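Multiple structures are listed underneath, in structure tokens.
What follows is a pair of complexes built around subunit A, which joins subunit B in one and subunit C in the other.
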Partner chain A sequence: MLEVSNIETGYGDVQVLYGVSLSVKPGEVLCLLGRNGAGKTTLLKSIMGLLPLKSGSISFNGKALHTEPAHLIAKHGIAYVPQGRRLFSELTVAQNIEIGLMVQGRGHQTRERVLELFPRLRERMKQRAETLSGGEQQMLAMARALSTEPRVLLLDEPTEGLQPSMVALIDEVTLKMKNEGVAIVLVEHQLDTVLTIADRVAFIENGRNPETVTTSDLALTPNKVMQYLGVS
Partner chain B sequence: MEFGPHFLLASLEGAVNAAVLALMAVGLSIVFGIMRVVNVAHGEFFMLGAVLAWWISSLVGAHPAYGFVVALIAAPLIVGAIAALADHFVLRRINYDPERTIVATIGLLYVLQQTTLMTFGPEARPVEAPFNKRIALPWFEKTAEGFSMYWPWGLGTTTYKLAVIAAAAVILIGLWIFMTRSRIGLIMRATQLDSEMALAYGIPVDRVYALVFGMGAAIAALAAVLVVPIQQAHYLMGHDPLLLSFIVVIIGGLGSIPGTIVAAILIGMSDGIISVFFSPTVAKILATLLVAFVLIFRPQGLFGKRVA
Partner chain C sequence: MIEQIRTSLFHLLLIAALAGLYFILPEYHSGVLARVMVLAVYAMGYNLLFGYTGLLSLGHALFFAAGMYGLGMAMQHLDLSSSLGILAGLITALIVSAVIGFLALRTSGVAFMIVTLMFAQAGYLTILWAGEYTRGDEGFVIQQSQRVLSGIDLSDAGNRYFAALVLFAICLFIIGWIVCSGFGKTLVAIRENEERARMLGYNVQRHKWLAVIASGVISGAAGAAYALLFGYVGATFATVQYSIFPLLYVLLGGAGTTIGPLIGTVFMFYLIDFSSELTNAYLLVAGVALILLTLFAPQGLAGELRKRVMPWLP
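The block that comes next holds the complex of A and B.
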């Protein structure tokens, strides 16, 4: 289980998170919902160890992560699909996947499993990541993360700017990972997606986490969404 | 000497220049490319390599070739280790902040230079080449019966100079293969492209930086060991190579290895040739002018990518 308790962090002197707590179990999808600038990306970055914590703690299966150097977080089985993909742009598809495989020292078998999920990538292994279409880039960002054989998957707006069929593919893979027992933290603005694949929803507002509800409760109280997002 | 043979002679000197400069500048370029650090102390790593080569070969004694080979291996390793320590204790502490790294490496420049002066003294020190056979070169002459070959007096080079050119080519090709084919090269390029994502994907960026900074310095030291049988080791010898490497790296495109090599050949050859026919000062003036034009008309350099 991944547990974030009461973390405070930010960028230099600018504090962004003011005591956020959440937890995700294996096989569970937790959605982070909040307005632009609420601190969702910041939260995922701090789980990856990319931002120093002012206070609070992060642990995975009882082991503290926030005291580890950033490059060891991935080795604990945490994989990150960042907002805007952030592929290694000048490296090829194969090399981007290779970087993912190196995290746990995986090889051919893992690569094959990942490429079965995204067959389009197989035809483009020698192509530079920056020359892929937006949808293909998102597939590669997912593939790079899955190549680490993660036990926790952090997905930051993985369907941003994609056509419906591509969104469906990403959602399908996300659900497949959930069913394999991966704990998933998903940042997503599409409410219908949230309602179909999330088990619980954590609202993030101004760097705080005022409330976390189960998706079924949320369906019964639509005014909450109105309250936190300003939409209905 | 007539113009033809004279020009060939100048070109040979220029080629030796270019070979050493290409190594030097590639070292500067990978450090800038991967770490975004402008290493003002790069020339001092070159100087240190040369002085250590003298010191090591004088310690070893025996046949000069023996001392030279030991220096060729040991000097770059020692200089690389010093640079890696400087990265760890200085550059890392200031978070690789672009302006502060410039100031820090200027400081490093003087520390290295003055320490060398105090330890080894101000004398210029020669190192004997491991082999140094003169080769006379022929030239062609048009006579009534067509072309005939003759050996103009003074037209020639040495086996050692040719070996320097060959060695530089081998090292550069090796480096290229290392960067594009090896796993460590892949890790370095990933770090260059997005260091934050590299961290998120398990790459120990701090160690990569120490390795890259050490490698850049070691390549400069290697260039120096190669050059020191031609040009004596001296504690102030780092300045010119530093200036020329910066010129080369700017013309070639910051961080581009192929661009750096092409620019080094261009600048090294022309510097050699112009120095022979006019003067070294004219050569430097023209190179600096060329930089000015590149910065005006193609700021990203010949091979650099335009930054968005």
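The block that comes next holds the complex of A and C.
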């Protein structure tokens, strides 16, 4: 289980998170919901060790992560698909996946499994990543992350700016991962998606986590969405 | 695997062509080519760091000079044989690049350029300061009688050509192997997106440090070979100019390609050779040619070749 307890962090002197706590279990999707600038991405970055904590702790299965250097956090089985994808743009699709496979020493089997999730990539293996469409790039970013066979997956707005069919595909893969027992932290603004795939929703507001509710509770109290996002 | 075989075959063909050229080319040109091959090795070392890892150093002359003085001083003052001299050159380059890499990699981007430039300047000034041993600006000659490797007289033009070719071939295969290996691919990933590579779980800092060392040792090998083959060790080779040369060769030839450094070195050498025959203002001609190349072949000659006709080029 991934546990974030009471963390405070930010960029230099600018503090962004004030005592945020949350946890996510294997096979569970936790959605972070909040306005732009609330601190959702900062939270994911601090889990990945990109930002030093001022206080609080992050642990995975009882092992402290916040004391580890960034590159070792991924080795614990935590994968991060950042917003805006960030591929190795000059490398081919095959090479991008290979870089993901190599780091944990995964082989052919993992590669096939990942390509089964995204058959479109199989047709594009020799193409440079920068020449892919937006949707394909998102698939590749996820495929690269899944090549490490993660136990925790952090997804930052994976469906942002994609056409509906692509959104459905990404959601489908997210659900598959959940069913395979991966713990997923998802930043998502599409409420339909949140209601269909998330188990719980953690609201983030001004760097704090005022409440975390189950998705079924959220469906019964739509005014919460109004309260935290300003939309109904 | 196929990639590795194709790369090796391509490199073998290139080496065979270079060997054949010796018998075709007039003496002047084969002499030039011997020098070009050694400098191309220097550029290949530079390319590993700049072209593949994305780190722009302005202080590689320090590594070239480390190899050169490592060999030169060992042969001059300790009376070591050529082969032990080469070893001394390589070890010196290894130590210097490991230390400089460790320190300079605490910075990145422009700061890395400045820090490497400063270290190289410090190295150059140290050579001048220790003039009693290094003979400062004037440098020293390695006697013809000493320039013998396994019974082969390296002052002979033919032997020198093939010795340069052997060094070039070894380094080309090492680079080809590195580029196709997981390590090489990781370096490219770091060049493309350092933070992403770290997020995937790669120890970026360690990879960059190893890249500086590999790059420094190959550059040092070129420096040692230059001293041994051409018989002269001098502080000129530690100046800023010699840090800029490999950058130019690599940019012109094609950064991030295995043959780019050779193409760039040949091109630069003959460009200056040719233009200095035309006019005293030969740098003007060279400058115009460089501007044209930057405009129309921004990825360098081999880079354009890869982009347009040979996408498999390693």
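Just so we're on the same page, the second predicted complex is superposed on the first by the 232 of 232 C-alpha atoms of A that agree within 3 Å, B and C clash if a C-alpha of one lies under 4 Å from a C-alpha of the other, contacts with A are read in each partner's own complex, and residues count from 1 in each chain.
The definition used in the following text is that a contact is a pair of C-beta atoms (placed from the backbone, for glycine too) under 8 Å apart; a residue touches a chain by one contact, two chains touch by 3 or more.
Predicted model, so just to flag it, every value in this text is computed and none were measured.
Once subunit A is used to superpose the two complexes, subunit B occupies space that clashes with subunit C. Touch criterion not met for A:T193: it reaches neither subunit B nor subunit C. Contacts of A:L50 after superposition: both subunit B and subunit C are touched.
The intersection of subunit A residues touching subunit B with those touching subunit C, taken from the two complexes, comprises 48, 50, 69-75, 80, 82, 86, 88-91, 95, 98-100, 102-103, 144, 148.
Considering their complex, residues 48-50, 69-75, 80, 82, 86, 88-91, 95, 98-100, 102-103, 144, 148 of subunit A touch subunit B. Subunit B meets subunit A in the complex at residues 183, 186-187, 189-190, 193-194, 196-205. Within the complex formed with subunit A, the residues of subunit C that make contact are 182, 185-186, 188-189, 192-193, 195-204. Interface residues of subunit A facing subunit C in the complex, by the touch rule stated above, are 48, 50, 69-75, 79-80, 82, 86-91, 95, 98-100, 102-104, 144-145, 148.
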